[in-house]
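Here's the structure we're looking at; comments come further down.
Order of writing sets the chain letters: A, B, C and D. Residues in each chain are counted from 1.
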Amino acid sequence: MLSALAYESWILHALIWLPLLGTFHVLWAAEDRAKWLALRWSLVVFVLSVGLWWAYDPALGGGYQLTSSLPWIAVWGVNYALGLDGISLFMVLLSTFTTPLAILGSFNYIKKRQKAFYALMLLLEVGVVGVFSAVDLFLFYVFFELTLVPMYFIIGIWGGERRVYAAIKFFLYTAFGSLLMLVGILYIYARGKALLGVTSFAFVDLLQIPLTPQEQMWLFGAFALAFAIKVPIFPFHTWLPDAHVEAPTPGSVVLAAVLLKMGTYGFVRFLLPFFPLAARHPNVVTLMLTLGVIGIIYAAWVAAVQPDAKKLVAYTSVAHMGFVVIGIFALNVNGLQGGLLVMISHGISTGALFLLIGMLYERRHTRLIKEFGGIGRVAPWLATAFVITALVSIGLPGTSGFVGEFLTLLGVFENHPGVGILATSGVIFAAYYMLPMVQSVFFNALEKPENREVRDLSRREVVILAPMIALMIVIGVHPTPLLRRMEPSVQMVLERVYAAAPPSAALIESVQEETVETVERVE
Amino acid sequence: MPEILFFIFAAVAVGGAVGVVVSRSPVASLLFMVATLASTAGIFVLLEAHFLAAIQILVYAGAIMVLFLFVIMLLNLGHDYQRDIRGNVAMIIGFAVTGGIGGLLARQLGGGTAGLETNLGAGDAIDAALREYGAVGAIARPLFTDYVVAFELTGLLLLVAIVGAIALAKKAS
Amino acid sequence: MLAESLVLAGLIFVIGTLGVIVRRNAVIMFLCIELQLNAVNLTFVAFSRYVGIEGQVFVFFVMAVAAAEAAVGLAIIISIFRHYETVNVDSFTRLKW
Amino acid sequence: MRPFGLLLLQAPGLEDSQAAWEPVLPGLIILLPLLGFAINGALALAAARKSADAVRAGREFDFFGNGRAVTHTLPTWVGPGVLLLAFLLTVVNFVGMLGAELHEPVIRSYWSWITTGDLNIAAAIQLDQLSMVMMMIITGVGFLIHVFSVGYMQNDPGYPRYFAYLNLFIFFMLVLVMGASYPIMFIGWEGVGLCSYLLIGFWFSDEEKASAGKKAFIVNRIGDLGFLLAIFLLYLVFQRVDYAGIFGDAESVFVYGGPVITTVTLFFLLAAVGKSAQIPLHIWLPDAMAGPTPVSALIHAATMVTAGVYLVVRSSVLFALAPLSSAVVAGIGVLTALFAATVALRQQDIKKVLAYSTVSQLGFMFLGVGVGAYTAGIFHLMTHAFFKALLFLGAGAVIHSIQHALHHSNKDWDAQDMRNMGGLRAYMPITWIAMWLATLAIAGIWPFAGFFSKDEIIWMTGAMAGAENAPYAGLYTVYWVLALATAMLTAFYMTRLMVMTFHGRNRTGATGAEHLHEAPKTMWIPLAILATLSVFGGWINVTTDLRESVLGGFGALPMGEWLHHWLEPVTEAAHRVQEAHLGELAHAAPLGGGEVAWGLISTVAALAVVLVTARLLGRKEVPVAVEDAEPTGLSRILFNKWYVDEFYHRWVVDPVLTTSRVLWRIVDTRIIDGAVNLVGNAARAIGWLGSLLQTGQVNTYAFFFTLGVLVILAMIGF
């Protein structure tokens, strides 16, 4: 049925352009209809995107599928080129899944300038879907930067008290990283032109460029810094708690669920295949694993003493992303697959946690843990949803959180047992930060009179949370369909990492000569 | 004869310019300015640009300078002025920079203009146009044919300037 | 006569520039700007003898722009004067960040 | 992939073993409790919503007035009902297996759980003799405790939630014992931990109870770390994680006593120590008594805490290959047994005594599996499930009754403090008799169940000490002595519990005493059944020597060494390894004397302790709790549980919290974020310097403009 509609040919374009259309529609419409319009647009996008699950066929190998390319800036060889592989497939689905829920979750939260807000949410969706489906480095970079703008305004306008500080910090910090990446991109492009004579930003073309180990190291550094800030990896993480605490609930949801994934996605998409020699260099691997493990343990400890529930969850994000990083740099199938699963699982569970904390905030206008207590008595459904989500977050087996962490740790342990043991201790600390918070908020005596007034979940909120919880459990019980779709692409990345050899001087020379010859012939 | 006239006009123009800059009184500056404009108009005539010389006198010296004068009088700046030339440091810097520009210009001109004069002799064409269409027609022809869009835009610009000037100068109600 | 005209124009331009830098009176700064414009007009006219009538056409446009500029500029000066009771530009330092 | 729906069917293919025997709907045994959870969970959510609305309106919702709410009637049937069905199904399978002479486990795979690279974990269950025994205990004892709960939790507003959790617990426990690979077992392993967390904190409005749940979960997670690492290490060695694959090759892959196998088993030991509350991770179990008493019976006595023992027996081959780990297992076991027994001597809370007694008995099981007596470990696990469940349920009935009495006499005394009880045998005769039977069983007095199981463990310890090539022979001798001493302590503290509770003068006061009553039928019938099992349950595994002696009625006991033979297919590999490396076990205890002699000695000694204690304590006048003096000296240390909790608090919890605060306040906020802000502020400072050029004076701008022109001109000119 999908092929009858030529689904493969238009779906990716639709996923990018429909939300953009929606953006304008929302801006055009009346203020009080904005939220419903935005919800409808994002739902349409989500429903359309579901078909990707079947449209993407892992049997065809791990390369890009559903590709299409139009020349954009022909002089520079920039193409508007889209495509999906097993890695980006789930990131796109995660984005289209999260956006409508985040929009639905902001119905009560966003009171002022609704039109602008919902338009920005849709614009954000354009950006993230674009990032994950671009197969042209230039296009990727454009979308990568595009996501900054809506998020900057979402935090800066609808945020909490220190919103401006947080928004600027978020923007400058991440932009700073990506500018270094831009330098790297241009360098690769220039090398491609010089060595191969191709003026192209297409991933497939850039992968052919024989870069020397030194070059790879520098480029790796430039790209890695950009993505490490985005992820964020340990010493670059301080923008995240600030941004999360100040951001409005839907902003936090999208930030945690999708934007952070752009960083780790970049690791898998660029760092490993583009600079394999650097990525598998023992020093680099050691560094990344160390930072990842520090992130896991350090963030867990810092999270445990946070007085603000939202900040706590923000720090847990750092810990989870630490798992992803070590999974990726385990450089084996289990680790990579595990890392990708943690990304998916973290997207859903942390998104849900932020939504839940947002719901608490709407009811009590505070997020300080000590202000709560005994909420389970007056809001049992809310408490149930929260406890389930928290358990997923700490990786209870049978939920999505476990599968990812298990594979990640298994992968790390395979190649680096010592690191594996340290990282596995993260499962203890996950309980150490999460359970006290759950207890202080939902259990204990219902003492404060304000807490007595807290309402339970409304029907709208049930509609938001139910699919998320269902998905967390379904993925936990039966992750194989996901793993099956990711595996060929993951294998391809790994093959590239391990097969790559440093180009000899002779090779570069011969390539260059060939290029010169072809150029001469053409002229 | 034209050479002598040129040097007279040039001397007056430079003298006027210096006067503009050094006069304490704005009115004096203005009058020096008029002298400069008038002598420049004379040089225009020597360069066979009769129409421009005419509107230089009419529009520039006549209208714009009077506008300045009105403003000076309106603001009551005619007397009770204070010394407003900057101090030594500003003077030195100003002289250094302007001297630099002057030096550079001189350096450029030091190469001579003989090449230009021989290679690009458009004077005959202009003379022919002047003979054929008269002083006004010679300049009006390109103005209303090749440059008509720019011309119209200039009109629009003037309109906008008038509106803007009124809006700015009007007393806030 | 080209070379002489150009020297003259350069001289007037430099004097005008110096005026803009050293004078504090806004009206006189304006006059100095007019001086600079005039110098440029002179070069246009001088070159037009060798390049074509377009030089003179350009002068025409410059004059129109100068007129517009003078009108608006003087209006601004009047407007400022109403606030500050002076045309000394040292008093107008609000134009930053 | 096989669709989910087939879970109910007997699924062929997909690595299923081809056995002679076809199990009957094994998947359903797991699914039934899950179904119960779903139904009860839905009811609980509905009920909680109602009660929440009432709380918001400032009152408590009355589920019991004018007819019980449907949310509170349905669980009565659903909760125990699914368990009964599961139990019956287990019995059917058990009978089937009895007749099948099975040598290989029967494996049923349903779908690929995790498939990636060369890792393939199937969602598969394994039926063999060991899992069958465990299933019988879990569903059987579980069912009885569910029935008891109907009476016990009758008037609790959280009634449906309680049954939802309990059903979920059974589900996970079944996953734990039926899983065909370590990761599947781990699902159950953490799942039961979760349920334990939820049930300990069942009355979550009480901060102490909620904290106890949290503590249990976190301490258990420390153990789970070991489990995960053991799985990883096994995967590294075998490239697979299912039992069939690992155990089949273990003997050929591992070197006896080699470092890898020792590490694996020590990791597993960490997991077992956490789950079974052994030293040093025993601290959570006494606190876990905060949960409803039937929960303590089911989870914290009969089933979940024994998962550690199950793990060791399941991995018996691995442990047999690692003599050092086995010795550590036994050492931890016997130390825990002794330690917990000493603490139990001086506890006043009836449930605390039982909790420490559980820890102690678990120690015995560890000792058993540590000395290679895997069958004995499982045997003691089973008999312990009977009598300890009975003791807890009995205690529950007592507490229920005392609570009632205190409530009516308006005393806010602790209903669990034995000093407030006394003389209950007159009011609760059935409970009294049942609990005495259980006490005799746990004290190890012939012919009750505990005698046979405990005696076998002690005997095997002695036998190990004297084995031909016994490693650490001296150590095992010490173990043997300690175990004997602990057995005597057990007899003492249990008798103390019985005397303080049921004998002497009633201390609830006259008004209170009027309201003391025997437990209702739903509560005492399970007690009676468990009492029967506590008496006769030990007869299924009487060693041949004992059976032929006076202790076995000279062969009159019907089923000697039955359990031993039954579990042989599971443990034979381990026994093979032991035989090969340890040689023949001793036939005499370290001090000489055969099994029969020591059996006689121990039962007589225990009986003597019971009688003397009963006589001495029976005469003593016990003051009620509020009037009692603070304990002093050694008994103070024992009362405070050797200050282990305080030790952990001082040296582990506090330092971690302090470090966390330092990391946050200093490292994160000051140093890391400080550096980030420093960069930002530096940029801002440079900008400020630049802004100084912007004076607001037109002349300056004109000057710079001209300067710019000059520069451009210069660039063109030169």
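Just so we're on the same page, a residue touches a chain if its C-beta (ideal position, glycine included) is under 8 Å from a C-beta of that chain, and two chains touch if they have at least 3 such contacts.
Here the structure is a predicted model, which is why all the values come from computation and not from measurement.
Q: Just to check the components: without chain A, which chains are still in contact with one another, directly or through others?
A: one piece
Q: Name the most central chain, where centre means the mean of Cα atoms.
A: Of all chains shown, the one whose C-alpha centre lies nearest the global C-alpha mean is A.
Q: Select, from B-D and C-D, the pair of chains that is joined by more C-beta pairs in contact.
A: Ranking B-D and C-D by C-beta contacts puts C-D first.
Q: If you average the Cα atoms of chain B and of chain D to get two centres, how far apart are those centres in Å?
A: Going by mean C-alpha positions, chain B sits 101 Å from chain D.
Q: Distance between chain C and chain D based on Cα centroids, please, to the nearest Å.
A: It comes to 94 Å between the two C-alpha centres.
Q: How many angstrom between the C-alpha centroids of chain C and chain B?
A: Comparing mean C-alpha positions, chain C is 8 Å from chain B.
Q: Go ahead and note the Å separation of the Cα centroids belonging to chain A and chain C.
A: Once rounded, the distance between the two centres reads 58 Å.
Q: Find every residue in chain B that makes contact with two or more other chains and list them.
A: In chain B, residues 86, 90, 93-94, 97-98, 101, 105 touch at least two other chains, as defined above.
Q: Residues of chain D that contact two or more other chains, please.
A: 699, 703, 706
Q: Tell me, which residues of chain C touch at least two other chains?
A: 17, 21-24
Q: If we use the touch criterion from the header, which chain pairs count as touching?
A: A-D, B-C, B-D, C-D
Q: Give the list of chain C residues in touch with chain D in this complex.
A: 17, 20-24, 26, 29, 89-90, 92-97
Q: Would you pull the chain C residues touching chain B in the complex into a rising list?
A: Residues in contact with chain B: 1-8, 10-19, 21-25, 27-28, 30-32, 34-35, 38, 41-42, 45-54, 56-57, 59-61, 63-72, 74-79, 81-82, 87-88.
Q: Would you pull the chain B residues touching chain C in the complex into a rising list?
A: Chain B reaches chain C through residues 2-3, 6-7, 10, 13-14, 17-18, 20-21, 23, 26, 29-30, 33, 36-37, 40, 43-44, 46-49, 51-52, 55-56, 59-60, 63-64, 67-68, 71-72, 74-75, 77, 81-82, 84-86, 90-91, 93-95, 97-99, 101-102, 105-106, 109, 112-113, 116-117, 120-123, 125-126, 129, 138-139, 142-143, 147, 150-151, 154, 157-158, 160-162, 164-169, 171.
Q: Where on chain D is chain A touching in the complex?
A: 1, 4, 45, 48-49, 51-52, 55-56, 58, 111-119, 123, 183, 186-187, 189-191, 194, 197, 201, 204-207, 210-211, 213-214, 217-218, 221-222, 224-225, 228-229, 231-233, 235-236, 656-657, 659-661, 663-664, 667-668, 672-673, 676, 680
Q: Could you list, by residue number, the parts of chain B that touch chain D in their complex?
A: Within the complex, chain B contacts chain D at residues 86, 90, 93-94, 97-98, 100-101, 104-105, 107-108.
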